[in-house]
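Below you'll find the structures, each written out as structure tokens.
Presented sequentially are two complexes of chain A, the first with chain B as partner and the second with chain C.
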Partner chain A sequence: MKIITKLVAAAALCIAGVAGPAGAQDASPSSGFYNALKGKKIGFVPIAMGFNETQAWRTAMERQAAALGYEIIVRDPNWSIEAGIQAINSLIEEKPDLLIIENIDNRSYNRMVQKSIAAGILTVQTQQRSEIPSDAYMGPDWNEMGRNAVEGMVQACGKESGKNGKVAIIQGALTAPASLLQMAGIDEALKDHPEITVVSNQAADWDATKAYQIATTVLQQNPDICGIVGFWDVADAGIASAVKEANLQGKVAVITSGSGARESACDKIAAGDFSYYTSYNTAGQGRDLNAIIRTLLQTMPEPGSKPFDLVSPLIRINKDNMTPSSCWSLEELAQIGG
Partner chain B sequence: MTRSRTKLTQARIVLGIAVLAFATFSVLVPDFLSAGNVSRLLQNVSILGILAMGMALSIIGRGIDLSMVASMAVSVAWMLAEMNAGASFAHAFGLALVFSIAVGVINGVLIAYVEIPPIFATLAMGTAIYGFGRVFLLASDVNYLPDDWQWLNMIATAAPLGIPVSVLCFAAVCGLAHLFLRGTREGRYIHMMGDNPQAARITGVPIRPMIVGQYVLTSLVALVAGLLMAALVATMNTRIVGSTYVYDIILVAVLGGISLSGGRGGAGSVIVGTLLIGILLNGMTMMNLGYTTQNVIKALILLAALTIDSLVNPRDEQTSQQGDI
Partner chain C sequence: MIRDDLVRWRYRLIPNTVVGEILSKPWIDNAVPVLMLAVLLTVFGALVPNLLTLGNLGNLSQTVGEYLLMGLGLTIVVMAGGIDLSVGSVFALANLVIIALAGWAGLPMAVAIPVALLSGALIGLLNGILVGYLRLRAFLTTLVTLIVVRALVDSLLLSYSQDIGAAPIFSAFWDYLAFGTVYGMSVSFMTAVALAVAVHIVLTRLRPGWHIIAVGGSRRAAHNAGINVRRTVCLSYVASGTLAALAGVFYAARLMSLGAETGVGLEITILTAVVLGGTSLGGGRGSVVKTVLGVAIVVVVTNSLLRFNLPSGSSPLALGIILLLAVAIDVRWVKNKRKVLDQTYVAPTYFELPPLPDARRGAATPYAVNDHLATAEPIGLGLLDGPEDVILDADDNLYTGSRDGNILRLMAPDYTRVEPYVHIGGQPLGLAFDRAGNLVTCVAGMGLYMVRPNREVVKLSDETNRTVFSIIDDSRMRLADDLDIAPDGRVFFSEATIRYALHDWMIDALEGRGNGRIICYDPRDGTSRTVLPRLQFPNGICMVPDGQSFLYAETWGCRVSRYYFDGPKKGRTEVVIADLPGYPDNINRASDGTFWLAMIGMRTPAFDLSQRMPGFRRRMAMKVARDQWVFPNLNTGGVIKFDLTGQVLQSLWDGEGGSHPQVTSMREHKGWLYLGGIFNNRIGRIRLPDADQSWTSQSAYWGAPK
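Right, the complex of A and B next:
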């Protein structure tokens, strides 16, 4: 069957190729573009709906789907790996044309990705890279995120700052690859900066209250500390609160990262809560996802045959370089996203 | 209520271990003893302590409230969402208050009148509350304190006379709970119900309405803790519902000697349990011990406390017959 489909597709391409030059005066996209997308079914299994990253992707993807006439089916496993596996399984049964899976770590969904590819479904993984190649991966390079955090530390506490170079690190969940890879990036980059000393390295489980508690203890113990590095803006609001409470805002740099959502990023940078922010720009990621959808549905490769990565370009934001377009909001995305 | 005052009760054992831990950290960790650190130490466990006090109110009456974290997160997140949508503080707070009371009443009715065991009723309610909140009330998991209301953050992070506001709240909640449990008729009823529900009913305690009241109180204490949490870190992330936080809360309550079979313990037990956890967390963070190491040490010390209690105070006829929950 596959071979026949391919032959038909090849024949169609030949005809299109022959027909191409004849209609060359017409510069508008070929009807092939619209036909490739119209009426298609795309499954999306996020880690959970209801937070910045997944909501932004969904908004951007649904905008394009509405414009081009295809359907996005969202199955929300709400942070549960088991529910995620069930959601992917049921989607595979429904045979969508393309399946987008947000990995919860670098391992749990490996078999599901293989199963989806074996079922002949174009499969895309996001945010967390697994060792199993699929048709595309879209997400940040977490190691680069870590190296970038060190850049923030050096700016605030390095040789030229005249400060003592003491920093504390408050990680996410210790077992999460996003946290592990960022930490590896930090360790790697810190080798070039012996002037920076890490006086405390703790994990707050992506939780603002825990981050706050650790930060208050760290500030109490090291009131002369120069900076605190967190791994996720939403949790690091807790670090900012602790710094404010200790009357050290402006004296202790808060270095963080995340989606670049206006509420959790730019508003807090403007308020002086965060001093250095690395954004993987979820609005841009939504556009990347849409580009992957458009590309794969037009080229229709054999699932899993030509894997590629779209690594999210990072944006470094601080109070001085921040512009109105440094961050995004869901309302804006509903209007212009994707 | 058979333990005499001179006996080595669980609360006293835990207090002893807390003192021991405090002394150990004072030697091992420089600055541990400073006034600033002791107040931070208390501040960091205040919210946990308040929640444990609320949980204790349920447990003493031979119940348990596993929906407490969901009730706290959803009511406060809804309040923040309403404030972000432009509602006044009074309006938004009123909604959260009504929501909390409604949760308590539903819990109470399910347990007292429909007669579902508390552990199942509140377990299901926790999921229902979160689902209801996410479907009907909240657009996203994380809800921020609006800019106009940052003064709430200022109040929550203030420290009049060097005592952080959260510690004052914890003290106030414990004080009120103590007055309620020891000083009012209803408070004594809760103890009686926990000790022996049948006997309490025969002596004329209105058991069913009391159970409803007990869960409303627990839910209201959860609201207080939630307000403090949201004001302290300027956000409320409803994801906390899926965490193991509720077990930490139960642990703190049980650790200090609130028996899961009901009828035992009071505000003092919660304070002692909270102190031990606070000292351990603070000391180990200052020693910069790893997360997993911290968890292992914490678990071992908790097991030690429970083992000593089990050896010193062997189970009596009643608990061995009815089990713990």
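Right, the complex of A and C next:
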């Protein structure tokens, strides 16, 4: 009997707990947490859908959204600034509770960020930061990414490698902070490594075909080059194929960085395409984004009043330190991500 | 007869002119894009929330403004027969130049903006010189400029983007360009609208615009017409480059961004908009309105698709499909519009003529055929071409119009010497001398003109008041036909039909409707007003000596009426002869106070019957080739004499058709009757032995010569 009574009491408590805020303060988590998120609308404007970073964020965010009962509205401008502005404008008109913007460079969306904040919408910027601060920024420290790239150069081409120290740099889009700040980080760190000489520095606009063409030319002009540094793994697959085609795999180091997605990072490291990889771990970024959403929607600060950053911790991967958990895949994220 | 009544009422109640007249308007080419825009707005407006809210439209107005500016430039180039693919790169270049000059170099806006525009104009000039003067292919040339300018922008960005991009711009004007609104719309939008109006006026009303359209329509013909084709083509590219640069300046103000993506692929978007509106890539056909519509469609589609949350790339894909569709529709439309127009323009209606009087040889009517005109002696045989009307001056010299736009003078007394008196253009038809001895003439295709005795040509009137609900612009005169001058100097003249030009005038007979009118030109204030609308091919006009009324003939109506323009009966119309056996043309005074009337052709029972069968004529016009149509008989005619009571006193025919069977006018002068005929190569004259041998119409109208 005692057991039955206890069970009934427990069941009653459960029902009460679910049914209303009556005994809420005792429960963990508080019902305020669920109420703060339920039925909310979150807008998301990436640079474009369909590549590792944005797909991973979306997968992670949608998993949490499904669990907590809010909605993610994605507007895909597909690399167009003009379309991006229209997308952000249209979302501002629709007044979501929170707006996540992936900047395409450091200025284009400045006025959009201002406008969104002025419209009373909590505004989050990811990956690249515009000049206007908003409620939260989530992304890597690009300067650190640059310093890491130099570390990769030194490992492959520095004093101890016994090589000539000649490297080429193939940037992303020139005006994007991901390129600008990374380059600044590289310049800074290279001061301590006079043995490294940059023989070529060009921009591939995040495009694998362009990166391939530039790398091919660089390899023809400098057959004795020691390493090529790229700024994004997806585009740098082009560098890897150029090196492979020139029969220089293993001789020319390809130093790159990116999301840490299995196919474009670990698989390629294992195959010898990339020799050094800095991952900002987009799986972790998805979790950070979800944390930002949960935090902001609970605390509901005045938009723009208390900006904070969640800087993505970096993972350095090479053939020697790589483990199965160094990378992630979209299938895993759909199951366990966020 | 009940069936006839039904047919009559059906055609009276349902006007069947509308389809053909609408199809003949130039703006009908806009129907497809307008329809498309309406459908898209309905569909997307229902599917996409907030698409049509003022806020969204305000947001979009900046995009629309920039697209429209570029679209205007491209429209000019495409209408001149070219294409400009470099606009996307020029846009990016101007964006870079203005940010560099105003921000980094710190130049004032008054310098920076013109220099930025100049950069676009220079690229346009480069295109223009290559395409216009060196005759390179527009597509390849501007494709190369697109790539070269893009490379230039990229290399400048590589070296300087950090320095340039970091410099802020402090300028109130700059912020106004970016955020200012006029009536809730962005400055760029309002600028684009103002420029659209300006470009529209240039293209449709001003010489440079006509040159552009002419060059686009046919380079060779434009060159032959004396247009500087190379310069026109070159300048069209300069305009395009400048407008693309202006769009780039607005973009720079709005975003202050040096993004490498700036303007990439924009040329395709703009080209889509221009072609979608219906401006033909073949050149020569298009308008600003079309481009405005095209831009609206493109922006609505891209903005709506963006919100559908579709996978990456679907928006350009959709635009591509729409572009393909637009080109296909454009091709079909151009191909079939003319065909449909030809089939539907002729719009017959029910018309019943009174019974046909007997005009056979030996008939008991005054119309009985005789051979009086067989004796007509030819004047200027082979030297004249289409002498519709004839007139003589105080010195007995003979004047007549010709098909090549001249008024010819045949010198008295033997009329063997022909000289071009003046060249007006069109085809001069009706002729009359006014009190001061000026020769006033109706010129088909042009209007009412006057020739002073010193041979100076003066235009009196070429437009009248427009009918309120008329689809056709009936303010312009297509077929001014005959005139006469009232004692007070007012000129009453007929316009035979407003639906057909001179080369098609006979088709008007198939319609059986009152398509013509009589217009009064008042020299005292230079105005023209329509006094009698909806007449059945009004033709000859002749003043009655009472000074208050005139007689007029309606050719397809086969009747002569009298209209009082003054006096106690002012405004009234009386039928004088209701049942002529033929188709009346000009009316002129006779020396005995009666009137001469020319008949251009004779009625036939078959055509009279077909006038009561509008459906038959409609099917004929749609299905049978034109040379097989049933037309009124215009091969043989004659002259009759009648008085104001409507009594026919005499008729003159060429029964055998050997010498002068075709008559459109006659003029009595000093005992002779001079005969004109629009299909003739001569003027004829016959003796009038019983007439007053000193009478001239000149003196009958204006008194004896001083």
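Here is the rule we go by: the second predicted complex is superposed on the first by the 311 of 338 C-alpha atoms of A that agree within 3 Å, B and C clash if a C-alpha of one lies under 4 Å from a C-alpha of the other, contacts with A are read in each partner's own complex, and residues count from 1 in each chain.
Assume a contact is a pair of C-beta atoms (placed from the backbone, for glycine too) under 8 Å apart; a residue touches a chain by one contact, two chains touch by 3 or more.
In this text, all values refer to a predicted model and were calculated from it rather than measured experimentally.
Trainee: Identify whether chain B and chain C fit side by side or clash on chain A in the overlaid structures.
Mentor: Overlaying the two structures gives a clash between chain B and chain C.
Trainee: Looking at the overlay, what does A:244 touch: chain B (first), chain C (second), both, or neither?
Mentor: First partner only.
Trainee: Could you look at A:264 and tell me whether it touches chain B, chain C, both or neither (first, second, both, neither)?
Mentor: In the superposition, A:264 contacts chain B only.
Trainee: One more residue to check, A:73. First (chain B), second (chain C), both or neither?
Mentor: second
Trainee: Does the superposition put A:213 against chain B (first), chain C (second), both, or neither?
Mentor: Once the two structures are laid over each other on A, A:213 reaches chain B alone.
Trainee: One more residue to check, A:110. First (chain B), second (chain C), both or neither?
Mentor: second
Trainee: Tell me the contact category for A:202 with respect to chain B and chain C: first, second, both or neither.
Mentor: Both: A:202 reaches chain B and chain C.
Trainee: Could you look at A:94 and tell me whether it touches chain B, chain C, both or neither (first, second, both, neither)?
Mentor: It touches chain C, and chain B stays clear.
Trainee: Give one of first, second, both or neither to describe whether A:48 is in contact with chain B, with chain C, with both, or with none.
Mentor: So A:48 meets both chain B and chain C here.
Trainee: Contact-wise, after the overlay, does A:166 reach chain B, chain C, both or neither (first, second, both, neither)?
Mentor: Neither chain B nor chain C is touched by A:166.
Trainee: Looking at the overlay, which bit of chain B runs into chain C, 1-9, 91-99, 109-117 or 235-243?
Mentor: The superposed arrangement places chain B into chain C at 109-117.
Trainee: Once the two structures are superposed, pull the chain A residues common to the chain B and chain C interfaces.
Mentor: After superposing on chain A, chain A residues 48, 50, 78-79, 174, 202-203, 205 contact both chain B and chain C.
Trainee: Using the touch definition from the top, list the residues of chain C that touch chain A in their complex.
Mentor: Within the complex, chain C touches chain A at residues 49-50, 53, 55-56, 59-60, 63, 154, 157-158, 161-162, 165, 178, 254-262, 264-266, 302-303, 306-307, 309-313, 315-316.
Trainee: Inside the complex, what are the residues of chain A that reach chain C?
Mentor: Going by the criterion above, the answer is residues 48-50, 73-83, 85-87, 89-90, 93-94, 104-108, 110-111, 173-176, 180, 202-203, 205.
Trainee: Would you pull the chain B residues touching chain A in the complex into a rising list?
Mentor: Touch residues, chain B against chain A: 31, 34, 36-37, 40-41, 43-44, 47, 134, 138-142, 144, 147, 153, 157, 229, 232-235, 237-240, 242-243, 281-282, 285-286, 288, 290-292.
Trainee: Under the stated contact criterion, what part of chain A meets chain B in this complex?
Mentor: Against chain B, chain A makes touches at 48, 50-52, 55, 78-79, 174, 199-203, 205-209, 211-214, 216-218, 220-221, 234, 237-238, 240-241, 244-245, 263-264, 267, 271.
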